[in-house]
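Each of the two complexes below includes subunit A, the first together with subunit B, the second together with subunit C.
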Partner chain A sequence: MADRITLRRILKLLAISAKMDLVWLLRDTKYTLAGICADMISNIATVSGVFLIAARFGGIGGMSTDEVLFMMAYSTLVTGIFIMFDGNNIHVSRMIGRGQLEHMFIQPLSLKVQFFTSGFMPFSGGINVVIGTILMIIAVGQLGLNITPWWVLSLIAYLLTTMTIIVARAYLVSSAAFYAPVTCEEISTTVIDGNWFLSTFPLSGMPRFVQIPLLTVLPEGLMAWFPTLALLGRPPLNLTALYPMFFALLISLLASIIFRRGLNHYVKKGSNRYVPYGFRR
Partner chain B sequence: MNKYIKTARLSAGEKTNGGILYLMPDVLIKICTLIPLIFLWRVVMSSGVQVGMSFEQMLSYTYVSAILADMLVVKTSASGWLSEGVLLKLYGRPLPVLSQLVAQTIGGWMPMLLLFSLPMALLAPLLGVNLVPATPLFFISLLLCISLGFAIDVLFACLSIKLRNMSWLIDRIRVAVVTLFSGTVIPIQLLPFGIDEVMRYQPFASLGGASLSIFVGTANAREVIALQIIWNLILWPAALLVFKKSQEGMVSYGG
Partner chain C sequence: MSKKVQTDMYHTDSAVSIRGVTKTFTQWQRSNTAGNVLRNLLKPEKRTITALNDVSFDIKRGEFLAYAGPNGAGKSTTMKLLSGMLLPNDGEIAVLSMSPQKQRRALMSRLGILFGNRTELWWDHPVIQSFEWKKIVWDIPDDLYRKNLAMVTELLDIGDLLKTFARELSLGQRMRADLAMMLLHSPELILLDEPTLGLDVMAKRQMIGFLKQLNAQEGTTIVVTSHDMDDLEEMARRILLISNGKVAFDGSFAALRDELGCTKRAIVNFSDRTRREIAYDDTNKLLRELSELDGIVDVGFTQTSLEEGLANLFARWR
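Showing the complex of A and B:
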């Protein structure tokens, strides 16, 4: 029988994941530290490119160098939160494609709760949250922003919205893995990781036919650029500052419908990925 | 030679076994990154800051970088040879391992060259992109870049042998560092604070960024090629030596 899910229960489940992460850090410290360094170097290399261009050219498309730094800080925070909650449960096509949902079916918890709580890695995955926070403090100081509780709440709301869009899009495309497990096993990697660099581009000054698709069909502009300008008090393209929230709601609904359909297909057809002696096809 | 061509063919076939449709997300992502990147350069170059490069040169640089991406920073299957069972395949065939890796990698380039690079090259004149190299020395530089890319890849693969189950982490660090230090996305000469002067002489700078700067005519071709030859002469013997010593330490744990 499935457990009753309360906030306390969710926190306990997150704590279990966090504990396992800590145990990993303590038992295999060398490997975990290497992982932390890899996350840090990878993110710094990604965001520093755009920042260095801004520094060289004195800003990008009407955004000053400090504003670009602010955007890179936001992007680093998103990367950090993403890594902290992603133990393959956001790269979900990998789990579906490899037939690993079967492992989840035998747990006395709903899939939703397992997806939300299973990949929490605050110790090994939190380094970019720390770096992002430091960069954010520096950028805010350079820009002389007036920080109020409302502004901090807005920042948190935008970060949550960005994460919702990332997760919803990952689940939307990963639904294809229910129907084509081998071919689409890594489709979430292609969509999430393949576009990460693009999400660090400041779109200011670009023509609308580039900006609009990047705020709709391929929402990389919502990963850092739009939230940055909204937090600086000038949301782009005369859109409401709440546009990312509306978009997140829409894509979540769509992902929910498509993912459920895929799951229904999966429970009827199953997965053909494993041969009886354990190897993956 | 025939056996290597067959290996390359097998490798090209492997990429399309899941159907051409499977490669389409990668093609789309390449296009969707290239277009905003071109406009990003248009925006920054219109600021009027003198960087020793015109917008037309920058456009060609970015475009060629995208269509020759696989060659400008070589990546073989060796980076995952411990965890993905590649080892068994390579050592089970009566061919030298490194030569197989080269043949496999070149074969693996083919589907993307046909599906992305060729159509984009044909579209280039319509988009106003000049795809004629400033000097024929570009082709020599490209060959040296590919050769150096293989040497660097072998060195990283040997590092993954040494560190055993860290191959994924090594790959992650390598992609990030090489992307920035090779100048394939952001030309090294555009880096501020004097970083460009320091970065010019490190080995990764002799990869794609070197060939691209010769292509658009912003670098002294002879100097760049000389540097590429020097790095090839240093890193190939090192790669062969390290590979020879690493072979016995290989432990395959995947498949």
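Showing the complex of A and C:
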């Protein structure tokens, strides 16, 4: 029955996740409105702080106010797309640490397909995409950018690259939960939250010894700052505009190897704990 | 994206075939003394636990097997090995002629698993939504889904629960809904780890009755673990006892009673207010013996329970 994975099947799996997300969001008018409002306020608050500083001082570190707005729009779009596609599964360290990965083993699907499809939340996560798109349209208008199909494709490529880096990094650090489930149960939350805090800050004007680590070891600079400057036609530090793609490839490979190793450890040693809460909302 | 899936890797007539399976775990050891804590920082002390030690057995298709043993005997480990959640250190496992480790995906579309302390239902959705999710994930054909949904709704009496959110179900209701969901894809083999855990008498009777019916009418192979020997005896025809990672007994419940020395006794009350207990195997011989006694007021019959016999046995094994 379930062993053939086709594109049609992937779409059906995404559709059932989308349907469940919609009925979850609409379960109650009060919850629905509160959820949408909370998401909007939280996102606008995150980006408006940096934007207001830029507006007050006429830009930050060589970036104009409108360029900062563009960067905020990019960051909001990334957050939105990321929550839409991986909202349920990004905190994989929780699932591993709580012994809940076993629920995935009993499904007739590969773990990759499950991770990709079961986290699809287009409705509860979609509000950030809407806000991000509105901000992006405003910023593009203010900057007077010449929008060509190539530019739109570049934007999509950067958004996908940024998402890949976020997911790969989350899975990379979450692999620690295979070895220390209790201690590392919330490691993905720490990493991802840390990600959001720094990712909206323009690094232009910062010294190189700050910029370089934030583009390599802690790649917060690749979340919005680098892609923004690349899309505006001036990638920083004389790096190639394709640098984020190379970085995404490298970190994905590394995450894949480390996660597989952790998974092998898990099926050999087993999980010494099982926590029933927080499994499937 | 399609991929040809290899099936029947280990062709066998058995539903489950385990050959020389060993599974060990390591446990961290530490006392609460400062010296030991510091020593453990440099050289952690670990103990190897052998959950299964060179275990071999077969389960025929259509069988209803009780898998029992004291706490920590290796029952849940076996369930996890059979469902591909764990890899054995050594030995071979074939479930429905497939390797749970190498053919997990194909196996899962023919296998049903239920852990009594877990739920597969979506917490914040009505039960029917979880069922629909299962239909898509397991790719269950429409007609089979409709047929099975009607069957489980009727037999498990869950009609009233379908629109209820999983988080609002009682334990017994949740177990029935979980069991129903597990059966939607018509599994050929079902593994139940403590399915009656925490259920009240009514819920337990309902579940036992349903499982017996499923085994008898559909020929579904069932492997069930429980600490309640009465439940197991009522459901299964064969019992496999595991202790310290080894198969300690494999046979019928009657043979287990003999093995445990679960004797039948007649308790005879006499008119002079004395009482005598007579152990017997042969009822005819007992009746003859009783007919020769004078002054009998009342005769009662009793038997050492399986639970009692096993408790003694488990205590000896420790």
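As a convention for this text, the second predicted complex is superposed on the first by the 268 of 281 C-alpha atoms of A that agree within 3 Å, B and C clash if a C-alpha of one lies under 4 Å from a C-alpha of the other, contacts with A are read in each partner's own complex, and residues count from 1 in each chain.
Note that in this section a contact is a pair of C-beta atoms (placed from the backbone, for glycine too) under 8 Å apart; a residue touches a chain by one contact, two chains touch by 3 or more.
Just so it is clear, the model here is predicted, and its values are computed rather than measured.
Specify the outcome, clash or fit, for subunit B and subunit C once both structures are aligned onto subunit A.
Because the two structures are overlaid on the shared chain, the partners are seen to fit without clashing.
State whether A:L109 touches subunit B only (first), subunit C only (second), both chains, or neither.
second
Would you check which partner chain A:W24 touches, where first means subunit B only, second means subunit C only, and both and neither mean what they say?
Only subunit C is touched by A:W24; subunit B is not.
More residues of subunit A in touch with subunit C or with subunit B?
Between subunit B and subunit C, the winner on subunit A residue contacts is B.
Does subunit B (first) or subunit C (second) touch A:K12, or do both, or does neither?
second
On the A-aligned overlay, A:P207 touches which partner chain: subunit B = first, subunit C = second, or both, or neither?
In the superposition, A:P207 contacts subunit B only.
Between subunit B and subunit C, whom does A:R4 touch in the aligned arrangement: first, second, both, or neither?
A:R4 sits against subunit C, while subunit B stays out of touch.
After superposition on the shared chain, which partner residues are touched by A:K268: those of subunit B (first), subunit C (second), both, or neither?
second
Once both structures are aligned on chain A, how many angstrom separate the closest C-alpha atoms of subunit B and subunit C?
Checking C-alpha atoms only, subunit B sits 10 Å from subunit C at its nearest point.
List the residues of subunit A that touch subunit B in one complex and subunit C in the other.
Shared contact residues on subunit A: 279.
What residues of subunit A sit close enough to touch subunit C in their complex?
So the residues of subunit A touching subunit C come out as 1-7, 9-10, 12-13, 15-16, 20, 23-24, 27, 102-103, 105-110, 267-270, 272, 274, 276, 279-281.
Taking the complex as given, what residues does subunit C use to touch subunit A?
Per the touch definition, subunit C meets subunit A at residues 1-3, 5, 25-26, 77, 80, 83-87, 89, 101, 104-109, 111, 113, 117-125, 129, 132-133, 136-141, 185.
Touching subunit B in the complex: which residues of subunit A?
Touch list, subunit A to subunit B: 31, 34-35, 37-39, 41-46, 48-49, 52-53, 55-61, 182-183, 187, 190-191, 194-195, 197-198, 201-207, 210, 214, 218, 220, 279.
Using the touch definition up top, name the residues of subunit B that touch subunit A in the complex.
Against subunit A, subunit B makes touches at 18-19, 21-22, 25-26, 29, 32-33, 35-37, 39-40, 42-44, 46-47, 49, 51, 163, 165-166, 169, 172-173, 175-177, 179-180, 185-186, 190-193, 195, 255.
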